[in-house]
Amino acid sequence: MNESAPRENWLDEVLPRLLARFGACRECPAVVNTRQGQNLPGRKAVVEVLETLVDLLFPGCHSRDPIPTEEFDAVVRARIVRSATALCDMVERTMAFHCQTTPCTHCGDCAAFARKTVAAFIEELASAREILGQDIQAAYEGDPAARSTMEVALSYPGVYAIAVHRIAHILQKLGVPILPRIMSEHAHSRTGIDIHPGATIGSGFFIDHGTGVVIGETCTIGRRVKLYQGVTLGALSFAKDADGNLVKGVKRHPDVEDNVIVYAGATILGGSTVIGHDSVIGGNVWLTHSVPAYSKVYNHQPDPLVRSSMAWEGPMI
Amino acid sequence: MNESAPRENWLDEVLPRLLARFGACRECPAVVNTRQGQNLPGRKAVVEVLETLVDLLFPGCHSRDPIPTEEFDAVVRARIVRSATALCDMVERTMAFHCQTTPCTHCGDCAAFARKTVAAFIEELASAREILGQDIQAAYEGDPAARSTMEVALSYPGVYAIAVHRIAHILQKLGVPILPRIMSEHAHSRTGIDIHPGATIGSGFFIDHGTGVVIGETCTIGRRVKLYQGVTLGALSFAKDADGNLVKGVKRHPDVEDNVIVYAGATILGGSTVIGHDSVIGGNVWLTHSVPAYSKVYNHQPDPLVRSSMAWEGPMI
Amino acid sequence: MNESAPRENWLDEVLPRLLARFGACRECPAVVNTRQGQNLPGRKAVVEVLETLVDLLFPGCHSRDPIPTEEFDAVVRARIVRSATALCDMVERTMAFHCQTTPCTHCGDCAAFARKTVAAFIEELASAREILGQDIQAAYEGDPAARSTMEVALSYPGVYAIAVHRIAHILQKLGVPILPRIMSEHAHSRTGIDIHPGATIGSGFFIDHGTGVVIGETCTIGRRVKLYQGVTLGALSFAKDADGNLVKGVKRHPDVEDNVIVYAGATILGGSTVIGHDSVIGGNVWLTHSVPAYSKVYNHQPDPLVRSSMAWEGPMI
């Protein structure tokens, strides 16, 4: 390029070649979303709907201002209409995309499927709101640093993550592809807590601190379970088919029964691993087999070496 | 629902029932924030004030553009007025909410408390700005990848986290409920670094990488301390009262003295644990007792098994 | 302060003193960015350009809506012009700042350097887009929970992190200071994945879950490598010069060859550590030495203690 060109024109020389390179791959399905092609909602549009839905669960908490009391019904009504309308359009388009590659047996009419799905979704969201009240109470009772349930509702990442999970899980169960995962990954981004929308989680669930938590697609978790930061409920190994491709959808993550506490950094793996109810799993424990109800599982007494700086000059890592 | 209804009307059928379900719980205090009820600022409003305060600490860095030099005083003045006014309103409302459940002995007049508190806050913020200069210098000197202090100020998550902590900690010490935690959880969300606003942290503090760091409410940390990603300064167990409820507010997190380095993934637990000054705690160390000054603490030499793929076919996890 | 002052005036009393304290340090280079001083772009401006560049790599995915098919070329053209123009201005100003402290031997004219650099950058971005297609395919094939490549492109944090890394790494190689690190720290903030822009990473790269991953400045990573959450590719210790200052820029992070899998929480340290191709490193392994090709490295069989709650009453941590 001619470096002495005036600034306004320097791009003109290189632009045609760049356009050719960026245009060339525009039909490549993995990385382009066009209206007459994939026609999926972009990530930002899905996040906007998600935030309206979170506002329905915690009115006035995660948005900017408290709701004027006399306008409460009108605000709730407007949010239901806005989120349901937007979600219905997104579900219809996402189903139409999905049917291009995975013909579905149950819908036939993407628009009708979308309306039926979104109506069922909003009904179940009302139930999820009641469960969320128990989640918030569990956080308040389970953390000595919590001073009020409003503090918990307004600030705790574990509460935000489970709220979004309850939204995404309903959509996932209703057979909506892609959108639930975009929602759960938004919560993951905000909180560091990665809950696959397929996971089944009971009421009174609390994750404290939360960064680094991973809960896999086929986990089931009972009621009143408490996890700390860095806990993984993951897969032991992946099944492959005769062609060497991973088999999708098989049970591969553990079951955690009621009233279990899992401390920070513990790793529990495997689709046949069951943590019996009322058990406690200690920090950093690595567990790949089942334990019965009322177990306490912990590592052997840690015994780090302690030396004065005079006596030891090896590398510190 | 009637699936053949035109799209505009499909919601009308289900809306009354949904409104009844979403309205039913509207006085339930845990999950609703109304103007004549809790009247708390929403999370987004608190984050907006926080961002203006961060702009006061690093003018022109975390916002969009550099400050025109000749307008510097006017910009700083406008930011002080804007953030102080907004914060004063929020503190007043938050105190009024707090007094509904926890009658306070020291204010009497929430508006007067708010004005006095915010004036004291801004004064202390000016001191925090000087300490933050030492934090930035510590990051520059402590990381071989750091090329300039401006790079550190503009991009390092550990610097953002400690800046927000210094803001939130001043508010916490001044007795403001809820708002400090919303602020610290915003920094947690942005950085993966979870510092409770109650923690006391000296100057020249640097957290490198930072994701997964947890610093508990009752920690005290000396000067020139350096932490890496995944370090937990946490509680060993929680005291309960005679009714089995957690006791709130007791000392339960460790003290870390001056010039200590804690490498990645180390866990230090307990309210009576003291890490003596000039100590080094190695990566992944698990420590639940005190160590004297100048200690070096590390795990036994790690000794993983290494096999060729021919010789071993067990599960890899 | 006079607590009975009307709310509008209470700030007037304290403002002059506050202004003096906040103005005093305004020439202190670490924490102020003014137009006639440092004149660097603020963090938000850099993030805006980054988002336009991500839109070029995944048109219609991370923004709000799909691209109208008939407007595809015009949209791509507009994005190239917008991002190149903004980036050119930023590179010029960042080089001018950099030259104040580190006289450069290769530019002489910051404006000419910026135009040449941005033209080369956009060309390389077109190549990065092709590599990113392989990264997306690797994610789809490597995760049993992935249902379509569009789901992967729209939601997977590992894909977002590597897309931003490929952008930042090109700028870093072209000699642009500060801006690449702001970009990579934005991805770190969004995903919990911390990849230094200096790291060299081959095609078909996939990070699953990702929270807590750290990849150091001088790492090299081959093709078709897969990492899980919490993996550190880090430094063993830092070299210091005769004055006790850290030496910047030396090789201090490991090399990972083709087709390696590193499971969650593994730590691999040191600039002379090489992980031979087709190796598998197990979860939580701590490795500070090289292993040959086709190695399988794992911890000794974990053996946590399991007791019934009756038999053991020690502290659970």
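First chain written, first letter: the chains are A, B and C, and each begins at residue 1.
In this section, contacts are C-beta pairs under 8 Å (C-beta built on N, C-alpha and C of every residue); 3 or more make two chains touch, one makes a residue touch a chain.
Keep in mind the model is a prediction, meaning the values are calculated, not measured.
Counted as hops between touching chains, the shortest connection from chain A to chain C is 1. To overlay chain A on chain B by their CA atoms, one rotates by 120 degrees, a value rounded to a multiple of 5.
In a homomeric contact, the two copies may use the same or different surfaces; for chain B and chain C, under half of the interface residue numbers are shared, pointing to different surfaces. Spacing of chain B relative to chain C, judged by their CA centroids, is 22 angstrom. The residues of chain A that reach two or more other chains are 192, 211-212, 230, 283, 288, 299, 316-317, listed in rising order.
Every residue of chain A that touches chain B in the complex is listed here, in rising order: 56-70, 72-73, 76-77, 80-81, 84-85, 88, 109, 111-112, 115-116, 119, 122-123, 126, 129-130, 132-133, 136-137, 141-157, 190-192, 209, 211-212, 229-230, 236-237, 264-265, 269, 283-284, 288, 299, 302-310, 312, 316-317. Residue ranges of chain A in contact with chain C, taken from their complex: 1, 3-5, 7, 10-11, 14-15, 17-19, 21-23, 25-26, 28-45, 48, 97-98, 101, 177-178, 181-182, 184-185, 188-189, 192, 194, 196, 198, 211-212, 214, 216-217, 230, 232, 234-235, 238-239, 245-250, 252, 261, 263, 267, 278, 280, 282-283, 285-288, 291-292, 294-300, 315-317.
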